Amino acid sequence: MTSAESQDGEQESFTDFWEVDHVVNRLSDIRRSWRAANTSQFEYGVEGFPSRTKLAKVTEELSAVLFPLRLGPGHVRPHNEDEFVTKTLQIALSRLHSQLRLELTYALPGVTPDEIATQASAIVAKLSRALPQIRILLDTDIEAAFRGDPAARSVDEVLICYPSILAIIHYRLAHQLHQLGAPLVARIIAEIAHGRTGIDIHPGATIGEGFFIDHGTGVVIGETAIIGNNVRIYQGVTLGAKSFPTDQDGALVKAMPRHPVVEDNVVIYAGATILGRVTIGQGSEIGGNVWLAHDVPPNSRVLQAREQNQVLTPGLDVVVPLSAS
Amino acid sequence: MTSAESQDGEQESFTDFWEVDHVVNRLSDIRRSWRAANTSQFEYGVEGFPSRTKLAKVTEELSAVLFPLRLGPGHVRPHNEDEFVTKTLQIALSRLHSQLRLELTYALPGVTPDEIATQASAIVAKLSRALPQIRILLDTDIEAAFRGDPAARSVDEVLICYPSILAIIHYRLAHQLHQLGAPLVARIIAEIAHGRTGIDIHPGATIGEGFFIDHGTGVVIGETAIIGNNVRIYQGVTLGAKSFPTDQDGALVKAMPRHPVVEDNVVIYAGATILGRVTIGQGSEIGGNVWLAHDVPPNSRVLQAREQNQVLTPGLDVVVPLSAS
Amino acid sequence: MTSAESQDGEQESFTDFWEVDHVVNRLSDIRRSWRAANTSQFEYGVEGFPSRTKLAKVTEELSAVLFPLRLGPGHVRPHNEDEFVTKTLQIALSRLHSQLRLELTYALPGVTPDEIATQASAIVAKLSRALPQIRILLDTDIEAAFRGDPAARSVDEVLICYPSILAIIHYRLAHQLHQLGAPLVARIIAEIAHGRTGIDIHPGATIGEGFFIDHGTGVVIGETAIIGNNVRIYQGVTLGAKSFPTDQDGALVKAMPRHPVVEDNVVIYAGATILGRVTIGQGSEIGGNVWLAHDVPPNSRVLQAREQNQVLTPGLDVVVPLSAS
């Protein structure tokens, strides 16, 4: 105990001075006004909200189900894998079911609890049946990472160390849940990965097999982006929207296609920003730090101007002695 | 227990081989020399230092005080909100008081413990009274996020999922503490948010209402930046300093205005870097990946050169077939 | 307990509907096929794999050993520092020994457990003896951060708040382990720092004294990069590889020098991407958002073209009124 913590009697008397009751009343007034002004749109908190902490458990458990020896706990060995997978899958799906019920209760205010439970169960069943296909897809992603990075020593190193793989596991689970009608649970799962890796993939995006993100910090892939097979992107790449159409009242039109289409076998280097519903043709390479808002034909290379001649052209790339500056 | 952990007797004998005592002595010598060379400047560790872990608790509790149903624990419901807020606020403020005493003890070595406690209490009181205004400001930030992102489905989704909101809650608390004379506690709170979101807002920065950061990873906002109302910025944007003036001895001049002023209704797209005490005039748009170090008049658009004609001009944006390269 | 969690009987009956057994069997089949196709290359999981959680403990303990008053627990005071350091170092080294045995068991399948333990112990001994030198290097890094950032108020603030310092502590430990023959444990330690700071430094990189990364999110430093003394880089800087040579079968040639050499006293501003085995000559400054893939002579400044004249030249930097666009 530090000396600062031992003076409890003194702190007691400070509490009045801090005007806690007054502040609590003011905060209560603000909440009341806010709710009065927002009744139609928001009904949060009455039944509770899906929990980030619990969904982090669910994704951890489903990751262990998909890769039991490598992402499961230390006691899992080849002889008890199936037993571990069965038990963990049951726990994960039940936990997910509870979270989905919270989302559906929130999203469908008029529906009975029984009907909510049934709808949530149908989503869980479809996710469960999709897990084998997700594992097959993830194997192609891991293989792509191993083949695409000269620093990778083994597939296991990739699976255990690479933030890209953590992000893609979360994305492939979240995308399934998004398609099955649970966009909020899906989004929370995506944000768990975003917080841990700096890679922000919206669950609505469509991504083919053999996808690899090297390093990854700062990558953003928007809700309506479509990515083909065997695409490789680097840290800081944005596949974003250029401008947002608004309706007659100035409100945003939601869910319109507004992010890039990236065809098969494209490579996009660090820091490139690609905006709008443009198509990057198959087999193309987009250089680092490029800002692109137009279509690119197949098998193109798009580079910053200064790289064209690989020499320092005054006016394109300026090198001056420091003493003269 | 793995086989590797069971061989304790063997490890015992390794300890001598690892020369622990020798290493401990060398480290002790290095600390002694370092302190001898730095006596005037640093008096750390005698009374302890503010704790990142404890300040993370404080900000978690204050976040729940500001948004009890949505950021508080699951058992909070409309009927027990005020009771929860009262109790949590008391705990959070007492905990903060202890941390502030550690900062002030460290910063004001000659001052008595009683005087330190009184000064810390005054800061706590002012922060407490500022909470209602902080909540009102945060509501404008959440509203801006909801209106600014076509992927947002509800205000609750924004509050619970968006890293931007987590970063701004931390910033608005930290900024208050910074203004009240607790820059170190403020900085630790800012770094908690930075670690969790990749968004680095210095507590000294000034930010108006309705502020929205989309995606956010890699955003940096410097100590003396001034941001107006209804500003929107994207991931990877830097509002930084261009060069640092030094005094006659070559030491940096601290705390000079050296970061941008961004006026009302400005939008800054992904990856733009704006450096120095320049002013971005109201209503302007700064395009992605631009590097800017000069003033921009109101209602301007600043874009990378290649976007001017929206066509591929050789020498500005190079597209060549891969086979020819 | 929420209403959603109380309906256990109902959930029981859902479990059949979720086809857990069927999914478990499919997943088992997929693992069996995958292993049949990958026998020669991968032998993971038989003895367990180094644990990210346990290595996070090791680095936390070693950080406290290096800076006991500032990064150790609150009860450490000048009079009990050595006692704390001795005990913590013994625990950390034993824990590290266990993790190294797992890596070596995995990497050297034919070797006996005794021989593995001896080799692991030799690595631990060398790391232990290197700690004083690591502390001396880290003091130069902390000093560089304090001198390089006008917002820093004290060396302690730097050590406790700056993500750069956390990343560099992890890097200097990981680099040592990488050189000593434990690249996987080293990589896991690097990824712990990457996850917490957004700074991705490969343990194979070589970095001189007085290294400072300001803000840091999005920084990537590749496996074969070489960085001199007193280098300063900002957030979003990449020192990466340009293209990857492949052998006759199209497989990547691993571990070739392919990342930049950055000489002494270089500064690289936010968002610059430097690719390939190029040399940035001593004393040079690389401007923000530049994309560089060629050598730069000593004492140069490399800037984006638009900054050359500090005016807005049409075709290089476009400013148009919003109403006209």
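We call the chains A, B and C, going by the order they appear; numbering starts again at 1 in every chain.
Throughout what follows, contacts are C-beta pairs under 8 Å (C-beta built on N, C-alpha and C of every residue); 3 or more make two chains touch, one makes a residue touch a chain.
Because the structure is predicted, anything quoted here is derived from the model rather than measured.
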Magnitude of the superposing rotation for chain A and chain C (Cα, nearest 5°) | 120
Chain C against chain B, contact positions shared by both copies (same if over half, else different) = different
Quick one: report the Å distance separating chain B from chain C, using the average Cα coordinate of each chain.
-> 21
Which parts of chain B, given as residue numbers and ranges, touch two or more other chains?
-> 2, 48, 74, 198, 217-218, 236, 271, 289-290, 305, 307, 316
Interfacial residue positions of chain A with respect to chain C in the complex | 2, 47-48, 65-66, 68-70, 74, 76-78, 81-82, 85-86, 89-90, 93-94, 97-98, 101-102, 105, 113, 117, 121, 124-125, 128-129, 131-132, 135-136, 139, 147-157, 160-163, 196-198, 215, 217-218, 234-236, 269-271, 287-290, 304-307, 310-312, 314-323, 325
Quick one: which bits of chain C touch chain A in the complex? Just the residue numbers, please.
-> 2-5, 7, 10-11, 14-15, 17-24, 26-28, 30-31, 34, 38, 41-42, 44-46, 48-49, 51-52, 74, 106, 183-184, 187-188, 191, 194-195, 198, 200, 202, 204, 217-218, 220, 222-223, 236, 238, 240-241, 244, 251-256, 258, 271, 273, 275, 283-285, 289-291, 293-294, 296-297, 299-303, 305, 307-308, 316
